[in-house]
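All chains are identified by letter, namely A, B, C, D, E and F, in their written order; residue positions are counted from 1 within each chain.
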Amino acid sequence: MNDSPPLDVVAVAAHPDDVEVACGATLAKLVRQGYRVGIIDLTDGEPTPHCPSPEVRAAEARAAAETLGVQVRIQLGLPNRRLMDGFDARVALAKQFRIHRPRIVIGFGDATPTASPDHWQAKLITDAAVFYSRLTKWDQHFDGLPVHAVRRQLYFRLALEPDTIAGHSHHLLVDVAATLQQKIDAILCYQSQFAHKPAIESRIRAAALVTGSLAGVDAAESFVAVRPVAVDDLVTTVL
Amino acid sequence: MNDSPPLDVVAVAAHPDDVEVACGATLAKLVRQGYRVGIIDLTDGEPTPHCPSPEVRAAEARAAAETLGVQVRIQLGLPNRRLMDGFDARVALAKQFRIHRPRIVIGFGDATPTASPDHWQAKLITDAAVFYSRLTKWDQHFDGLPVHAVRRQLYFRLALEPDTIAGHSHHLLVDVAATLQQKIDAILCYQSQFAHKPAIESRIRAAALVTGSLAGVDAAESFVAVRPVAVDDLVTTVL
Amino acid sequence: MNDSPPLDVVAVAAHPDDVEVACGATLAKLVRQGYRVGIIDLTDGEPTPHCPSPEVRAAEARAAAETLGVQVRIQLGLPNRRLMDGFDARVALAKQFRIHRPRIVIGFGDATPTASPDHWQAKLITDAAVFYSRLTKWDQHFDGLPVHAVRRQLYFRLALEPDTIAGHSHHLLVDVAATLQQKIDAILCYQSQFAHKPAIESRIRAAALVTGSLAGVDAAESFVAVRPVAVDDLVTTVL
Amino acid sequence: MNDSPPLDVVAVAAHPDDVEVACGATLAKLVRQGYRVGIIDLTDGEPTPHCPSPEVRAAEARAAAETLGVQVRIQLGLPNRRLMDGFDARVALAKQFRIHRPRIVIGFGDATPTASPDHWQAKLITDAAVFYSRLTKWDQHFDGLPVHAVRRQLYFRLALEPDTIAGHSHHLLVDVAATLQQKIDAILCYQSQFAHKPAIESRIRAAALVTGSLAGVDAAESFVAVRPVAVDDLVTTVL
Amino acid sequence: MNDSPPLDVVAVAAHPDDVEVACGATLAKLVRQGYRVGIIDLTDGEPTPHCPSPEVRAAEARAAAETLGVQVRIQLGLPNRRLMDGFDARVALAKQFRIHRPRIVIGFGDATPTASPDHWQAKLITDAAVFYSRLTKWDQHFDGLPVHAVRRQLYFRLALEPDTIAGHSHHLLVDVAATLQQKIDAILCYQSQFAHKPAIESRIRAAALVTGSLAGVDAAESFVAVRPVAVDDLVTTVL
Amino acid sequence: MNDSPPLDVVAVAAHPDDVEVACGATLAKLVRQGYRVGIIDLTDGEPTPHCPSPEVRAAEARAAAETLGVQVRIQLGLPNRRLMDGFDARVALAKQFRIHRPRIVIGFGDATPTASPDHWQAKLITDAAVFYSRLTKWDQHFDGLPVHAVRRQLYFRLALEPDTIAGHSHHLLVDVAATLQQKIDAILCYQSQFAHKPAIESRIRAAALVTGSLAGVDAAESFVAVRPVAVDDLVTTVL
């Protein structure tokens, strides 16, 4: 039986802190707007050079989740540094979608050159899990969890990555002027990752400012709609 | 003095029927939603093979405007078939923007291979007129009309043209299932242009259906935001 | 020993009905033109929500093949929903190429966002199998089947998918006005897949009409040549 | 009255030698295949550093035309180095189309960075002239020449230019192994342009060889179809 | 006679402050590295809302030039807001190239949506002027100035513009950490343009920081090479 | 313990001869410039139709390495024709990076349509191995080899492949006029691969000539920088 109340939005990371860097301000804003939001980290992200233990990273992730105000944060326990798309990983993530029933799933949409190959694998796993979540007649793999159709899948963009998700024509920017500080606060919860990178704050601010200035707002985060979105009211959408 | 009530949206055509083919259903929908909408035809579109006179084309354009329900339709009288971007054309259009004060301007965004070169010139003129409309200290060219800053410029897409506006990453689709018939009715007002092209109705329907099916709706029209749009509520935008 | 007469064209699907939706009208046309055509379905496509059994889906596939008139349809029996590129799948498909010796192979060329991840895997498997089919000194994997060099590989496009195979510059359209109805009839053989989707017929028609109207014909299907094609007679090719 | 027999193909240049460098081998091949071919040079291409007079360049152009075997070569006399798209230039070229009635027009399709701006203007003029040629009710500009609808417009590519016509998805390669030498001979007719550039021959050969090797032939020239082409027989087209 | 010592680099603007915003830090760095640098403003940029007179803008431009340390700044006096590519504008700029003999010319490379149409015209004029500057046998237009071949043309990018110069594959980034402050100081010389836009400094910094972070440096400006550059020492170029 | 002197550049191939065809002239030039260069072949490339044994191919590879003058050539022994990205392959290559400590790694960057699927897998393995090489706290997989951070990763391009690495905006060309003959000599060491393909020499020359002519040099090879490069001296970089 599944007693979890449904989530509006679930963001999927390869490692704790991916989601914060990519779309932390949007998640914080969604929470403020009254939506229920979750984060799923596929791996625990460890080891890393300056983190003493997985437990420390996990505590940082919890603090970041609190800072953003998200209702749920899940650690899926897939292998860090060697994440691979495959049946078991897909099912593990799809089960979470069936349990938490998000209307919107946000995740990686492209490889990140010279960074972890886990990011591309996370994209493949998330794409497949969105599909698996709605497949009927597969109860044997899902412990009786009912199927769940995610209504909309989006790709995020790591704040400091260039040109990811190239070639897509359906970009969406979210105005995050009101929650940019919360995003930075959440990122700074990861002392093990960023304490020795003092430039992180100014770089995150700069990325949000530059993205925002394209759209005439003070700060923004950028997304791609995997399928085009048809809006109902053109005027309120663009003004 | 300028007594015209402001318009929410103005669509700019090279020739009467461009706007109907490109975004007639969206204009009809905007009118139904309570917005004030205008159409500006840069030329009278004549001569054409089957049209007996410019007056007939003008009457067709008026009938089409009534069918869509738009509040204003203006004939700018620039030379058909030899439209050229230049100072006078820019000012003529910008004056209309200053008079009607649209918040949103929609127009051509790309050349249309093998079709009229006027389309590309219309794009250049519209881009420049949006800029000219907000320029201060230019009263000598504008008969004292006060400056007007258009808040958002969009490019439309001729329904049967491929890949126009290539390279833009900020596409917007509008769900037009409710007004597609109105669009077709407006197009059919142009008997001089389409009476001998009976396939027009099925082709317009097919284009709307295919565009819509990409986004999971029954019919859609496609636009490009000249500048990215930052939305406020991600959930209501994409669901 | 291999007594099968060679095929001119083989189309490779992930699931029964992929080929019909993507290029059914072209296959029917090739048959009418006197070519020998085959279809290879990598998986049986089951289970699906409304299909009572794999046998029913197989019967539908046979009926569709008859409707199109293709000479051969093969079920490869790879696992549905969890198709994965790998050595065994590649060899299984390459064996079929060695047996049926197609001059042209047509198959998936891109991922299909939000649809089955099997499509992308089918692309990888087909690419590799075209290569494996011509490799010498590998008898141990091919039961003594002689090598076969496919002369041309094409990618098809699912009729209702946007922008697949992006970035390729060598598109080919085939005029299918004469066989579009046959394509629709073949698709309607799949009652288990489409009986509850009555819009399928109008959407397939609309896609063919829109593709065709770009090229000035009544209906067309779209392909990408994996390698550029050099034509001999430019005039007859383009007129 | 118009006694000129119709041409199958007309290639339009900004300057004498453009067409030879871009598609000389294809034109020679078309002539061998029995088609009637013409060349229209918009300007006389003079002055240039090493050419003693416009008459010398014109004689070279005539010799090159003979080498290719084309039936017609016309000098339009528009101003070299300062070619500008405009009504008069468009009409001048469209008149030639009405006189020679080509089924196919080939010309510039893109700017050529750091080379003459005339190339881009030639593209604009050619696009517009193809359109003007078929416009009815414009006798006052055409001396009573009847309208002529060009059936297909193609863009060529200067042999040594990179990536021109970017973004188009409908490329066509023509196998020119049999006439590459003729192309080179025609280019070498322009002693005033190439006598001091001895590398021209090896560069032209290299460009044809590289283009051809992509398509598995010994030499090729590359074109873009302004509108997609729908073929009738897929097998004979691609094999 | 021409006594001007040759310049290494000339940057061409539509309006005073374009060059500062686009590549002020690179120009300042070039000066520090011992190169001779000039700026050519095609128009005086006036009127603008907050500038009392053209003289004030000119004084600001002089102050900015001093801040950057460039040796030459020229005002070409073409008409602001209605700049148009044409023979006279091309010759006027080419004369300056012949006088100052730059090895490298940097200028606009793309339109800037919703901003001044002058930018695109400046691009066309600059492209043509680079070509005109090296044309022989045109003394009548150049007052006897000897021809000058610019060796390399680059396109810059306005710091806050997105995706300009799309489709080019030969981008160049310049590390400007050492001179970013000088750029900002030069921009702030334009009190008439920026005094009421206090965000300009943080936005300029953010753009440089984000561009730099892509390449692993603290700040960068971005250019496109109009023609590819072949380097001699790969290791020192990329490390 | 690791006594190997560090290398400046390591090029990674799927099969012996890939590196020669892709960037042999650049490697030879780097050696002449005094850099230490290595080649790592992931597989032995055998069997192939005309090669009597893996030993013959290995001897050819050694001869080619001597011809280029590279200091190190390593055979990694992964399975030819069925190379697959995975943990073991990544670690095997990353160990070599830790042993030889290259500052620059060059390798595959894209799939090669209709050619071996190993090329794409080589790209995935190389990307991941560059990442694995710098990961701390993984001694158990690396036999105590210390971490090594590759400073720059580049993608090469097979000389006769079209448009690989599409979409990247940071191309780098290297002038290889001085070492093109050495590249060809190295390629001709592979008698088992090319003795029956006499056109190889002219095709390799043509590809280098065409690439070079884009940049105004006699011959060039083409690379993509995985991350943008910020240069210090713009003038010496582009002149």
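As a convention for this text, a contact is a pair of C-beta atoms (placed from the backbone, for glycine too) under 8 Å apart; a residue touches a chain by one contact, two chains touch by 3 or more.
Not measured: the values here are computed from a predicted model.
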item: Intersection of contact partners for chain D and chain F; value: C, E
item: Touching both chain B and chain C (chains); value: A, D
item: Proportion of interface numbers common to chain A and chain E (over half same, under half different); value: same
item: Most distant chain from chain B by Cα centroid; value: F
item: Same-interface partner of B-D, chosen from the options D-F, B-E or B-C, over half of the pairs matching; value: B-E
item: Centroid distance [mean C-alpha coordinates] between chain B and chain A, Å; value: 38
item: Distance between chain centroids, defined by C-alpha means - chain B, chain F (Å); value: 53
item: Inter-centroid spacing, chain E versus chain D (mean Cα positions, whole Å); value: 36
item: Sequence positions of chain F contacting 2 or more other chains; value: 162, 167, 169, 214, 227-228
item: Each pair of chains that touches, named by its two labels; value: A-B, A-C, A-E, A-F, B-C, B-D, B-E, C-D, C-F, D-E, D-F, E-F
item: In the complex with chain E, residue positions of chain F that touch it; value: 8-9, 26, 29-30, 33, 35, 103-104, 151-152, 154, 168-175, 212, 214-217, 220, 223, 225, 227-235, 237-239
item: List of chain B residues in touch with chain E within their complex; value: 86-87, 90, 124, 127-128, 130-132, 135-138, 153, 167, 169, 226-228
item: Sites on chain B touched by chain C in the complex; value: 160, 162, 199, 202-203, 205-207, 209-210, 213-214
item: Contact footprint of chain F on chain A as seen in their complex; value: 47-49, 81-82, 84, 111, 113-117, 162-163, 166-167
